[in-house]
Every structure is written in structure tokens, then in C-alpha cells.
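Below you'll find the structure, written out as C-alpha cells, and then a few comments.
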């Protein structure tokens, strides 16, 4: 490989930005998800409908929000409404994608952002679900961004904050969650993963430039489904980087951070 | 008795207007209820909180509305909101009184405003519940205004559109309706009635000037509870009539109608 | 209590999620001419929901066009409905309706010939209260197949509804579960809208926000078009957001002879003529022919009833400019 | 799935109806001074609900005064709560909380010393999602003891909540019933209010309308007082109506260091100082002492952090007047 002309965060944002078809709707928070959606809006999906859980609907997003209800989330918005209204839009089936992170993730895409240790006496207390559980319950497809390590990618997750495929095939439907929903893709600093349609288990889709399948396997605490033809993730293009650096995140609020 | 200096409609409106303590909240529709509340506001209860089911909250009501969402119901209102919001205000227990009419009424204060005859093949089809069932379910006290005849006051009512005390003591609570609610007073062109606390049955409270207890009994199709001391309804006072005729209903939209 | 009313307008919430998933969320030009909006969007088997309430902010122009095109809507919610649902009855194909209030212009009276549709047994009625219908729309709007409510319990209104009793798992109390109502088409008249369907309503909202969320197809008719900046500069102006809307039709005075709050009052004289005509089939047929079928468009109908001069009078009455008598 | 979380803030709906019945519906002067509003209305056993969200439109001035008066609120909903619930923790009497998101200033980081309250097992947490807490407030606001929702199902968030599964009688689908949440006291910061408590909020509403309907006592803090005509002339300005409100406190810049939409941006430098101080008990105690206990009022606190000049900068940043870098 050549010397990389981009960092891991930029790669993750670009890989995520390419997922969205024009005209889809996306529930996002702050950080990487927001950067990816802004990039997508400028390059691939000018008609993307962005919503924030505090009630900002279809803002023009002049720059990166820091809080999910701040001025950027309502700048030139087409509506300012409420948490329940935004969540009900998800619950009605109007939201195509949501975009989440987490401290731990298992092979079914279940996420922990609540605690490490036991619930009554946690070793680490994280902020909790926030809107993540609602989004992942009701949006059609969940996209997850995460640093990749075997500590984070583990089947011994301490708490399922947010549903992936729960215990596997049909488990979501049996739990009462809306039909046809669930995790769609996971983007890390090493690879892109998706989910097998039958087993609902995490499968490798592509490895990033300079990363081997073995690197991914070593950093994943459970068995990944890996078929014969694993592609390489398309690296960020010149256009993507230019717009990401100059327009989406000129102050490097997100792309200046480490991926881990 | 002297020649009457007021008509039956005026008497009914005045009798109703005296019910409200200052500061209570009332769900009203158009017609007599609205006239009574307006009169009360001007004379007895300046702080009465008036709400209309279409969403008009605390309007100044310059004149009588003709439709429950028309301009008078939102003139200088303190809020314009929705049907569900107004109904939920009732459901939360914030509404002290509601004010209804009906084609038939039984001894438990149940009201019919749906059909005469059978439901599948009605002899007469009336408009239906409208908001009446909701109001009578959730407002604390229901006031009913009606012309008085044995055809209307009958235990053979064809359809219970709107709940009174249903089948008697505890029936409302057993049906699931909010505790402590129910019919409070009935004002007709002959008398004022209330409900016995134990039996939940209709009882005579006062007869209007010039009306005998026997007149009331003859025009009631079921047995009324009548105790020894039946008073005479206070006739409209000079002040009441002046304000009713000059300010509340100068175009005689309501007081120009017959009570029957 | 078991209920025996027919369940109308209900769908499985997951099926509806699938439907809503496919609706376009793009900012697209949705402006249509009135005749096209009716012919393209109203289907014969539709359950129609009508915005507004009583004599206020009803989409009259759209409904007159539905009559003109003789679209035979299958059913409808009579939700403090007056002239609006009366019109929908005229094309005469309804067999079942959801009814909380209908066939009466409140204090003004009841159109006799239309009441006959019900009294001759030709229409099966599922009974509701106004609150129950508002909450049925809200259930759908919230993405739920039902909402618990504390109305209708213990009455024949409950018995002839299609609701079901449930027990609250926390309080042990009995509630009535009202089923979600997903109309096939909703028509809502508003004050301002942009080409994408963002819409602003002034004054009471009735149930129109929930209806717009609950319906499969949403048609906005508007007094006037505005630029999208009207909404972007104050996003609280957006009563109904664009992504719910399928078509936008500009029709000034589109609610006449009903009231448009802050714009023009209802024409009480027209409604009196309407009620009088509705005393017999013969006079009613003539009235509808003259006022709807024979009018080449909505403005010919307005002209017939006093034209722009009458609208000016109604505007003065609405705004209290000349000592209104109402 | 059986749930094992403690049920907090719930009341029987009929008991709450009795409570709401007694609230005054009169147009009365409800203006209070900040210290009086806190001392009269905040009780030690209270469940407190806080308006706003994240770093936006939180009632900071009121909460600082709660700390100063060392009011030991019993519990609280951590509902995308940041600095606000952090403050409520400081007085240190909470044993149980409802939590969907807390002890983190989103991307800015987490106050370490406050996280310790949770990590040493001193606080029992009932888990929820943001949607679930919003819907719990909404259930109470609708006069219901529960609402069915489609969130949390199948997860440990459900298991450690106090929700209960139910079956929809129409679809046969499993729903989660979330219990109504009736806070004892709610504090909401708004843009404009009149003396009676009518209040206007600009921008996102979060859950504040439902919180105001759900709470037993409602305190409005406002950037500025307006005349009641402001509402009567445009009743759509009324976000929260007077009859829900118990007290009105005028506090310009009352949300600082959080953002007040369309007024002033959050002070990111303050929050960084706060987070840094929260690295150790010692620095944190000093920080709180300086910024809260030793300030004679809220304006001394603002002065300490840059005063009116800093507010001007934040206003320029909010309005984008000088090429904001945020």
C-alpha cells in the first residue's frame, strides 16, 4: 500500500456516506453519523431527509451539530417538532435508516451502551440508550459505526441496550419488534460488515485498504461469516475528501478524532 | 303567577348559568350551553375557563358561535389546538363541567342522540354522539338541558349514546369510566333535577315558577325521586335578563327559539 | 362488553409500515390542477377522511369536484361532519360508515333527503364518539394499531363500535382500545402551502395533523401558495410536513361556503338554501345540479352564490370589519 | 419478558384526575422571584422533570438555585440529560432514577465524579429509551395510565425497565406498555411567557408540552415577560397554556451556559471547564462552590464566566452574525 492520504475516520465516513440512496430518510445523532449524512447529501443523495430526535426535521445543516437539539439541527429546517413526533415517524415506518454506535456489539448486531459489569453494581456506567433503542427498533435499517477490537466485538456483551437481531432468526419479530427491520451494515476502522439473511449473523463484506482478513478476524471476539470473495473497501475518493474536509467538517470536529 | 316577563329558554339559561363557581372549566358546544356559560362569565364566574372540542381554549366569545370550531370559539383565545388535545384535557380530569342535550334521557341520566327505533333500521337517525360521549365520560359533572316531556324522559330509551349512571350505583366505575364522574343537574323548561347520591336516580330539585310538581311528574316517563321540600326555581333576575338579551344573545339566536 | 360494529379503515400496522416506507420523501413539485388531483388520486374503493370540522375549513372545492366526476368513494368518517360528508353521500355508493356526528349542520338543521340514506337501512353505521375517531387517527399517526381511551365505555356507542376492552397492566383498570384508522385518502384545506406540500393551518387544528399522518394519500388544497422559505424561516409554520403529502392544489376560497378562519366566514344563507333544498329529492337534485354538476368550475359555483362581492362580505364578517352580526 | 426495574413516578390515573381537578384554572398573577419559586415549590421528596434536551434550553438558573438552597430532590428522569441532571445529582439524595441518557455531555465527554454516583452502586437505575420516556410523559398527558409502544422489546433495556408486555386486541401483536410518568415538579425554560403562565417555545419542543401536562407542579422560567395580548392575538403562540402552570419566573439568559435557540449559543468553554473540574472530587467541589454556592445570584455566575460580553459573543454565534466557528 501507498502511504495513506486519508485517516480511518475519513474512510469510515466515506464508506457510510455511499450507503444512502437518494430520497431516503435517516435518523441521526451527532458525530460520525451526521458527517456521513452531510457528505452523502452533498455528493450522492441531495434529497436525503434528515431527522434529529429532539425534533429538527430536514434542516440544511450548515455545520456539524454538537448537541442533538442544537441550532444546526434546526437551521432552515422544514419543521421543528418533538421527541415523540420524531420517534413516531420512525414507528410509522417512515424512516429508512438510523445510524448508531455502541461500546459493545455481538454477532447479531445487538449493542451495549449502558454498562460494563453488572447492572446493580456496574464497573463502568455509560450514558444509556438515548434514542438508540427506539431508532434500532423502528427504522428499517440500522447502520453501526464502531472502532474494531475483540473487546468491543464480543458475544459476551454485558447488556443489550439496543436490539440487533437479538438471538437470531425471527427473534425480533417474536419479541414484537416491527417486521423487516434490523442491522444492515457495520463500518469500523478495519472493515465493512453486513448480516447473513438466513442466520442473521455478522458477515464480512469488505476489508479496508491495508487491512487483511486475518486482522479483522483477530480483532473480532466471535466467528465472522466470511465467504470466498471478500472485496476491498473503496478508499475515499478525491471528491469525497475535498467536500468532507472543506465543507462538511472544516473544523475537524469529527475527522480530527481518532477512530478508537 | 304574574304574566311572565321571560321565556322558558331564558329561564333555562339563567338557571344553568348560576351553577358555575368562579374558576371552573367547562366543555361546551353551541346553543343553550354556550349562552349559559357566557352569561355566567359576565355575571358570576369571570374566571370560567371555556373550551370547545374543535380546539378553541379560553376565547373571549364576542358572540354566539354557530359551529363548534367557528371564529367565535377562537376569538382572542389563549390557545388553538386539536380535538384530541381538548378531549385529553377532559380525560386528565381538568374539566369540571360539560353541558349536553339529547333526544331521550332515562332515570340514570343516560342520553340518546343516535337513533329512534332499531340501530339496523332506524325510524329516525340523529347526528350521533359528537363529543358528548367523551365529555360525559371524563368531565367531572355533566349538566343536561332538555325540553321536558314523557316521550323524552323515558326508561325505554332506544340507544345509550352518552353515559349517565348507566344501570345505577357503581355501574360507571365497573364499566371503566373515571371515578367520581357523572350527571349532576338537568335543566328543562319545567324543572331542575339532580341525582340521588345512593341510588344514582334522577330527583326533582326545583320546579319553575308557574309549574306544579304534578306537571313535572306527568311529563316524566319514569318515577322521579321527590322529597318533601321541593323549592321553586329562582326566576331570572333583572340583571341576568339584561345581560343575556343585550350582551350574550342580542340577535336572539338561542333565546328566540322555543324550548321544545 | 362485546362490540358488534364493522371494523372499517383498519390495517395491520406492519403492513402500513411497508406502505409508508415506499412513499417518496423527496422534495418534489406536487402541484396539481383540481380536476387532475381528483381523477388521479380518488379511487372508487377509497376510505376518505376530510379535514376541518363542522362548517369550518372543509375542502369544499375538492369535494364538489369529486361529485362532478361522480367518484364513488366507498366509505368515510363522519367526524363532526356537516356539508362535507353530505356531499360525499351524494354519489351514493357508501354501504358502511364510521360515524361520530353527521347529517346535520349543527344548530342550522339536518338535510332530510340525506338522513333518508340512513333511515332506509341502506347504510351500515359503526358508531364512535368524536374523541374516539380523533384517537383512532392518532393511533395510526403514532404508528400503533390501537390506543387505550376512557370514552364510550358502558354505552351502546361502545356496543355498536368496533372497539375492544382491555385491562391496563399497571392500574388494573378497564380501558377501551380503539383501532387505528388509516384512510386511503385524506383531503385537507389549509391557509398556505408550498409546492412540496409543506402546509400551514391557522386556528384550530381539529384532527388534521393526525389525519395527514394516518392517511395513505394526502391531498392539500390551499388558499394560496407560498415559497418554501416561508417554512424554512420559521419551521413552526409547518403544520403538515411535505413528506406526508401527495398533491397540492391551489384554490382560493376553496372552503366556501364554509368558514376559513381569519379569511372569510361561512355563508349562512347558502347553507339555509341547501337545507331547504334537502327537504325533497326533487328540489335537492335541482340544487346539486345547479350548484355542482352544471358549474364548469368552483368559481362558477361561487359566482352563482354571490361571487366576489359575497366573499368580500364574508371576509368583512370574519374580520369583524363592519359590525358583523354573527 | 418480565421486567425488574423499579416503577417510579407512576400514579393511578384516577388519583391524578383528582389532583388535576383541584389545580386552579383562574387567570392569576403567577410571577415569582427565583429564590421564592425554588423554596416554595421544590420539595425534598419530589420527582423532578427538566425541560429542554442535551445542551439546549435547559432551566439552568432554576437548577443552580436548587443547588444553592440544597434542595434534595428524590428522583429525576435522565432524558437526554446533560448538565441539568448533573446538577440535580450534586445535592446527593437520589437513590433511584429513570434513565434513558445521562451523565454525559454528548460528544464533549462525561463528568467523571458524577459517573461515580452510579458506578459505586449508590443509585438504582430503571432503564428506558428516550422514546419510552417521551411516551411515558405523553401517556400522562393524554390522561392514560399507559401507552403501547414498539420500542425496547427484546432487550435488557426492557428487562431493567418497569414496562409490561401486552397484546394488541386487533393485530395480535406484542406491544410494550409504558406506564404514565407524573413528575411532582417540572421546570421548563421558554422564550416568552405572560404573568398567567402562557408560554411560547421556539424551535424544537423536545417533550416539554407533554411534561407540562403530566406534572403536578409546573414552573416556567422565561427569557422575557410578554403581555397576554401576545397570545390572544395569535393563539398558536401558546406552546404551554396558563392552566398548567403554577409559577412564572423571568430570568434573561436563564439557560446559559446551555443554548437558547434563536437567542444565544451554548458556552462550549464553560462546559469544557466543567468536565475538567469533574475529573476529581476536589476540583469539582471547588468548581461548584465558585460557580454556584458563592454566587449571590445567577448574574454573578454569568459575570464570573465572561458576563455580558460573553453573552454577546454567544448571541453572535447563535445568529451567525460573525462567521461562527460552530
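We call the chains A, B, C and D, going by the order they appear; numbering starts again at 1 in every chain.
Keep in mind that, in the parts below, a contact is a pair of C-beta atoms (placed from the backbone, for glycine too) under 8 Å apart; a residue touches a chain by one contact, two chains touch by 3 or more.
Note that the structure is predicted; figures quoted are calculated from it, not measured.
Separation of subunit A from subunit B in touch steps, taking the shortest path, is 2. In summary, the chains found to touch both subunit B and subunit D are C. Between subunit C and subunit D the centroid-to-centroid distance comes to 38 Å (mean Cα coordinates, whole Å). Distance between subunit A and subunit D, defined via averaged C-alpha coordinates, is recorded as 28 Å. Subunit A and subunit C have Cα centroids separated by 41 Å.
Contact with two or more other chains is made by residues 74, 80, 84, 90-91, 138, 178 of subunit B.
Taken residue by residue, subunit C touches two or more other chains at 13-14, 143-144, 149-150, 173, 175, 202-203, 235-236, whereas all remaining positions touch fewer. Viewed as a contact network, the protein chains fit none of the simple shapes, being neither a path, a ring, a star nor fully connected. Inter-chain contacts, as defined above, occur between A-C, A-D, B-C, B-D, C-D.
Residue ranges on subunit B touching subunit C, taken from their complex, read 30-31, 52-56, 62-63, 66-74, 80-84, 87, 90-91, 110, 114, 119-134, 137-138, 159-163, 166, 171-172, 174-178, 251, 253. Contact residues of subunit D toward subunit B in the complex are 13-14, 16-21, 23-27, 140-144, 198, 213, 228, 231-233, 235-236, 238, 241-243. Touching subunit C in their complex are the following residues of subunit D: 7, 10, 12-14, 143-150, 164, 166, 168-171, 173, 175, 177, 179-180, 202-203, 235-236. In the complex of the two chains, the subunit C residues touching subunit B come out as 1, 52-57, 78, 80, 82, 99-104, 106-108, 110, 115, 118-119, 121, 124-125, 127-132, 134-135, 138, 149-157, 160, 165, 173-176, 202-210, 259, 261-262, 265-266, 268, 318, 320, 325-326. Residues of subunit A that touch subunit C in their complex: 22-25, 47, 49, 57-58, 60, 74, 76-80, 84, 88, 90-94, 96, 138, 140, 178-180.
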